[in-house]
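Read the structure below first, then the notes.
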Amino acid sequence: MILTLLLLPLLAAVAAFFLRPDMPRRILLVLTAGAHAAVTGVTWAVQPAPTLGGWLRLDSLGQLFLSITSALFVAAAVYSAGYLHRERRGAREDFEEGLLFANAPEPTFTTCLLLFLAAMTLVTVSHRFGLLWVAVEATTLASAPLIYFHRQHRSLEATWKYLMICSVGIALALLGNFFLAVAASNHGGTPIPLVVEELIGAAPHLHIAWLKAAFLLFLVGYGTKMGLAPLHTWLPDAHSEAPSVVSALLSGALLNCAFLGILRLQQVCVAAGEAAFGQELLVGFGLLSMAVAAVFIIGQADYKRMLAYSSVEHMGILTLGVGLGGAATFGAMLHAVNHSLTKAMLFLVAGNILAVYRSKSTSEVRGVLRVLPVSGMLWVAGFFAITGSPPFGPFLSEFTILKAALDQGRHVVAIAYLVFLAMIFVGMMTIVLRMAQGVTQREAGGPEPVLATIPPAALGVLVLLLGLYIPAALQRVIEEAARALG
Amino acid sequence: MEAGLTFALPLLLAPLMLGLINRTKALMAGRTGQPLLQTYHDLFKLLRKGAAYSRTTTWVFRAGPTVGLAAVLVASALVPLGGVPAAFAFPGDLILFAYLLGLMRFFTVLAALDTGSSFEGMGASREVTFSALAEPTLLLGFAAIARQTGSLSLSPMYAGLGSDAWRHAGPALALLAGALLIVFLAENARIPIDDPTTHLELTMIHEVMVLDHSGPELAFILYSSALKLWLLGSLLVGIVVPVRSGIVWIDTLAMLAGLFALAVVTGIVESSMARWRLLRVPQLLVGASALSALALALILR
Amino acid sequence: MNLWTDSILVLLALASLLLLGSSRIAGCIRIVAFQGLLLGLLTLTVQHGTPSLRPLALATAIIALKGVAFPWLLARVLRDAEVRREVDPLVSYTVSLLIGTLALALSLWLSQRLPLPTKPVASLLVPVALFTILAGLFVIISRGKALTQVLGYLVLENGIYVFGVGLVQGTPMLVELGVLLDVFVAVFVMGIALFHINRAFDHIDADRLAVLRD
Amino acid sequence: MLLVLLAVLLLLASGCAALLTQRSFRASAGCAVGAAVLAAVLGVIPSLRVLCGAAPQSLHLPWSVPYGAFFVEVDALSAFFLVPIFILSGLAAVYGAEYLGSYRETRSLGPAWFFFNLLVASMVLVVIARNAVLFLVAWEVMALASFFLVTFEDEKESVRDAGWVYLVATHLGTAFLLVLFIVLGSTGGSLDFDQFRVAPSQTGLLFVLALVGFGAKAGFMPLHVWLPEAHPAAPSHVSAVMSGVMIKTGIYGLVRMLTFLATPAAPPPAWWGWMLCAVGLTSGIFGVVFALAQHDLKRLLAYHSVENIGIIALGLGVGVLGLSTGMPTLAALGFAGGLLHVLNHALFKGLLFLGAGAVGHAAGTREIDHLGGLLQRMPWTGLTFLIGAVAISGLPPLNGFVSELLIYLGAFHGLTSAAAATAVPVLCVVAGLALIGGLAAACFTKAFGIVFLGEPRSDHAAQAHEPGLAMRLPMLLLAASCVLIGLLSPLAVGALAPVLANVTGLSPDVVRTHVAQAGGVLSFVTAGGVGLVGLIAALAGVRSWLLSGRRVTTTLTWDCGYAQPTTRMQYSASSFAHPLTELFSVLLQTRRRGVAPAGLFPHAASLATETPDVCSERLYGPVFTTIGRGLGRLRWLQHGRVHFYVLYIALTLLVLLIWKLG
């Protein structure tokens, strides 16, 4: 079943590359997404068997992230079907520099999209560290052309930075893998295979100093990809310049996958009795990321960048939660779900706004609620959700993390956490509400396209429901995942 | 019996105090002056007259004097005459008393504003200003007496202010009397805060507010201000005259003597000093509340 | 064998130092190619025991990629974008060399801090690997041209490789090939990006790509 | 219990229905208002039954969110807050049906109704919730719903700014509540209210957290800054609900926390009482002084909300002092006064806001200095506004006086029978209440006198007209209830007995005896009130008998010999309040702009004054700007040079390696 999950998007990618007419390709895209989601849904019912000698298996942690990815991809696929349909062919004027530019050929876009899905699926299911690394690097390479879909200067610059910074980071992660291998070399005996379960089983025999070093490299390497401050620098550029649907996937799915890389090693550290080592680092990076996000969100001039920085903030919250451990880990895993859904929704809505206003500047967009009633409503709702206001999902997860921090007596951490959350709330509120409310010259341009409003609306409904009720199955999976992380 | 007495006496004798004051001023000025009962005469004359109303005014203007008189009448049922208890006495009646005067003021001011005349507006504005400052003084004074006598009702409070109270807390009571004297002068629109004799100068406070009233309503206003004078006066005299013999007629006579003396004093004050600049009046009132606060401090100690 | 290994390692370190000091981009490309070659040889020399087919295949693959393919690709990009040398680098070459020596010291210290559980094939292995990594990072940081940055990335990769090849035995073929493939695609994509940059901006100065900020 | 929940469901459902039927003004307004009224009826019945002594009912259902449980209960305290919530929001909805009609052309009103019913439902949930998560969810939903109602006219810049301030204030307040509840629940291990266990070492911290967190909602000085912005911005029926009952949920929270933190077994330290008294005095005096300086009728009323919240805080402070010194009389009277004032303020402030809305609706402006003479044009609105004004000034025989009297009694009691240490704060309470009362009277003579009396100062005011029945009826009902509670005060206080037992933790019969004493006093007051009314009637009769058959002429106002009096010559609100605002000019920092008349024959002269809130001007504004500037200095971190980005990575790596392995 795992192989199905992997091969489905791969084959579809190949097909999409050679499929010339547009309409079938878009249908193929949506169908693949649907099928992938369906198979993922089946895995909730029946636990899939490990394959490739335990290299590929689906534990609850992987299942959580896989489900997030798959769900987001469905929304993204439906959205991009409409999006590609609306995108004008041929050269057109870039609204910031006024230069002419064209889009990348659509088959390439669709292919890369599907490859991206395949790579992310591989990340979630691979328990062999080397394979995990290959998969993460693959996500980078598959997503780079997506960012450069609009072939204009800024997106090219963003792509370059994305490639350069992430490659360096991932290279360090590779070094980390080698360190891990040294740590597992088992004092001259037969080396322990670098599979999560094997390592956990043989944890006492690991070489601690090298394990720690490996963790540091994983943290820096995958942390770069994940967007932890101060390694987050590529993130705002890529998210702001990529097409909104790609930004949604990057922020909602890719960052989680990178986080998974760190979590896998954290599992091993926990088994080796070195949980504290990683945790204090994670807390530090979490708070730092929130602080940096706060600095750049307040007075941000570009609303897509604002969303990107908010992703930095929420990655910080995730790491903070895992770093605190205990109940906070549960909160962090729950928050991963909430954040992905909410942020994807916000990026898709941002795409709708961008399509009408043709400007990413927060000062030029006014009165969205009047011009785009549905998108405007979703925009405001998404803002309240992402800043952790009830009755939306993120409130519960952030509340859980705060409670854990206070119950553990980490008062400084808790206060810093609250202060940053408050600063970010004020910063985002100032921007989002100014955009949503007020009056503008442009008149309401008829009904909004269905394919552009249904996916974000669906995500929004999910977020709302998660704020009011957490299904038992999800609860169970999250609890197991949290238990795996100690 | 005595309850009825304390209620009936002001109704009968209050206008007499105004007469006394005027007479004193006249004598001080070397004139013969109007007869003592002039106020009664004015009242009856006004009650027999018709009335003239401004087109601007509404029922609020007509209601003002009525409500004012009603309020002060109810208030007069709460005030003891020194040791002689009031018609009604219950814990907290002092607050009801203060707020009844407030109600009277509220409607007088509204009636004044109803005319739309800028004179009356000016008077109203000054009235609310000064009374807002006088109110804390009055209540702090009450608080001091309450603390001294351990009671929350005017009648027992004043019954407790015998000569021994003076022996224990003489200085405090003296300060209090001073504060209440200022309140008395301010609330009754006497010099040095206000000048009741002239109606037209823009410097006036109380008198200018009733410019447009006429006939029976003016009578109501005149009568209620006389009653107010009596009531506040008896609160002041009740402190100064510590006669608590327990024999009703002795106490009553002592109080009456005190009240008339107060009237004479007021007359002397009015004819011997000039009205203060309006800007200094607030200072005087705040000073008064400082006095009563000081008195309280002495008693609390 | 050990002598060979040591000498190769020394050559690798020297190559990195040379890279820090050289301004002509074509020269840099050649140095990186040379490093790739050395890397291939290293994979052979570190194998103790019977020479099997696997390291041979790996060595050929490495040499083919790092020694031939990448340099050729980058050379082409270089030809398209008429740039010869690295004008005004952010850090002058003498300072670069100084920092290089510091990096060498640092990597020696680090290798002291990290005692290997098993005796390595060559004592120089860890410090040289770390030094090459640091050198690569430094090139990325201190050179203005995007092309040079790609070179730096390659050197970084090489350093990591030295480490892997030297210390990690029994890595499954699949993983190694996957790694190689990824690196290949990475450089390939970078090459394409460079090509586009050159066409869009008429320059490949990474430090002039600074529109996106805040 | 079930009835209350039914009411909540009804409100939510009707809200959604209103949203769905927003195409038609009638349909959406119809179902929203109908549901609000029906819910009010449904909800008031059980609340009253609990207040009359029925046993409190509770419901505990599992709820699948972390630490959550659907645990609700209607006890006396909740019921006491439920009554005004239901009544006022029901009436406000009826009023809104006509009030919002003027917007039907320009926009769809579905959202307005949706959020209104959502607001009511969430307020009910806040009051009955017994689980922290449920409470917080309801609390934030309440904040969001009211935010959207405040920004109803978001095309106005001022309204958007008001919404901004409101949202920031309420959100920051909630942050404190999060900590408060988590700390409360940490010992007991559950976030259900009945599981809260307080470690003695924490009570002080918890009290401060509650004071700040709930004070931000209630509008304690200096956390009140959102009030004078948000209330004028919102539509009037919303301002009535917000000012009447929503800010009271803050008081409810504070009192509810006191039931956990302060029990006769573990009496609160005296400084809590001092603190509450201090807060009350500041809020009361600042509030009324700023109200005096306002020109906008609704802004003036908003500042009076601050003042009345201050009075409530004074009552609570006296009560807490009573608990801490073990003087049940003091506690009973203080809490009784404070809580009764909650109810009274809900009634008369709701009434006044509705009246202000009617005025703005009819005259097209809320600028007091542009109004005047409205009593002749809108007699009903005028009468009800006058009743509200008398009530809020705390004058007998209306309800405002009753609650203030109770607080006074408590204070005087403490004064006569307590040690000097306790006597000092209650003394401040007495003096403060007196000053507040005087100033409030001044402010409302200004408000009513300038708006409704005299001659119209503008054409708008001259063309004003009485609103329709849907707007008049709620005002009349509220006015009637003000009079009734004033005259039937003993009954009202009797109903407080279970609430007081609930709050003070004293034994019910102790409470009952004190309530009985208070009732005795109040029966005298009632007698006085009835006597007063009777006397007024009698005197009115006498007056008309005297005037009958006599000559009654109507003329111009006596104008001191001016040839042509114009309405511009009337005393304006600003000049009326000027002596007092001069006295407090240090506090007010009023800005003056204008041209003074000059020369022998002065021509045009002008004067414009504005009194911005001193806290937001001097305290919050600077703080926010400083933070913003400070953060702006850090933005160079993201300068766009990829080299340095890689440098960040390298440095992070080296620092970590050296730190962790060195």
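Order of writing sets the labels: A, B, C and D. Residues in every chain begin at 1.
In the analysis below, a residue touches a chain if its C-beta (ideal position, glycine included) is under 8 Å from a C-beta of that chain, and two chains touch if they have at least 3 such contacts.
This is a predicted model, so every value here is computed, not measured.
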Which chains sit in contact with both members of the pair chain B and chain D?
none
When C-D and A-C are ranked by contacting C-beta pairs, first comes A-C
Closest chain to the protein CA centroid?
D
CA centre of chain C versus CA centre of chain D: separation in Å?
70
How far is the middle of chain B from the middle of chain C, if each middle is the mean of its Cα atoms, in Å?
101
Between chain A and chain C, what is the gap in Å from one C-alpha centre to the other?
31
Whole-Å gap between the CA centroids of chain A and chain D
44
Residues of chain A that touch two or more other chains sit at 160-161, 164, 168, 209, 213, 236-237, 296
Residue numbers in chain D touching 2 or more other chains?
635, 638, 640, 642, 646, 649, 657, 661
Residues of chain C whose C-beta touches two or more other chains:
113-114, 137, 140, 149, 206, 209, 211-212, 214
Which of the chains touch, listed as pairs?
A-C, A-D, B-D, C-D
Looking at the complex, which residues from chain A come into contact with chain D?
160-161, 164-165, 168-169, 172, 209, 212-213, 216-217, 219-220, 224, 230-231, 233-234, 236-237, 277, 281, 292, 294-296, 298-299, 327, 330-331, 334, 369, 384, 389-391, 395-396, 399-400, 402-403, 406-407, 414, 418, 421-423, 425-426, 429-430, 433-434, 437-439, 467-472, 475
Would you pull the chain C residues touching chain A in the complex into a rising list?
113-118, 133, 137, 140, 146, 149, 153, 156-157, 160, 163-164, 167-172, 174-175, 178-179, 181-182, 185-186, 189-190, 193, 196-197, 200-201, 206, 209, 211-212, 214
Which residues of chain C touch chain D in the complex?
90, 106, 110, 113-114, 134, 137-138, 140-144, 149, 206-207, 209-214
Any idea which chain B residues touch chain D in the complex?
47-58, 60, 62-63, 66-67, 69-71, 73-74, 77-78, 88, 90-93, 95-96, 98-100, 102-103, 105-106, 109-110, 113-122, 124-126, 128-129, 131-136, 138-140, 143, 146-147, 150-152, 200, 211-212, 215-217, 220, 282, 289, 293, 296, 300-301
In their shared complex, at which residues does chain D touch chain B?
372-373, 375-376, 382, 386, 390, 393-396, 401, 404-405, 408-409, 412-413, 415-417, 420, 423-424, 427, 430-431, 433-435, 437-439, 441-442, 444-446, 448-450, 453-455, 520-521, 524-525, 527-528, 531-532, 535-536, 539-540, 542-543, 546-547, 550-560, 567, 569-571, 575-580, 583
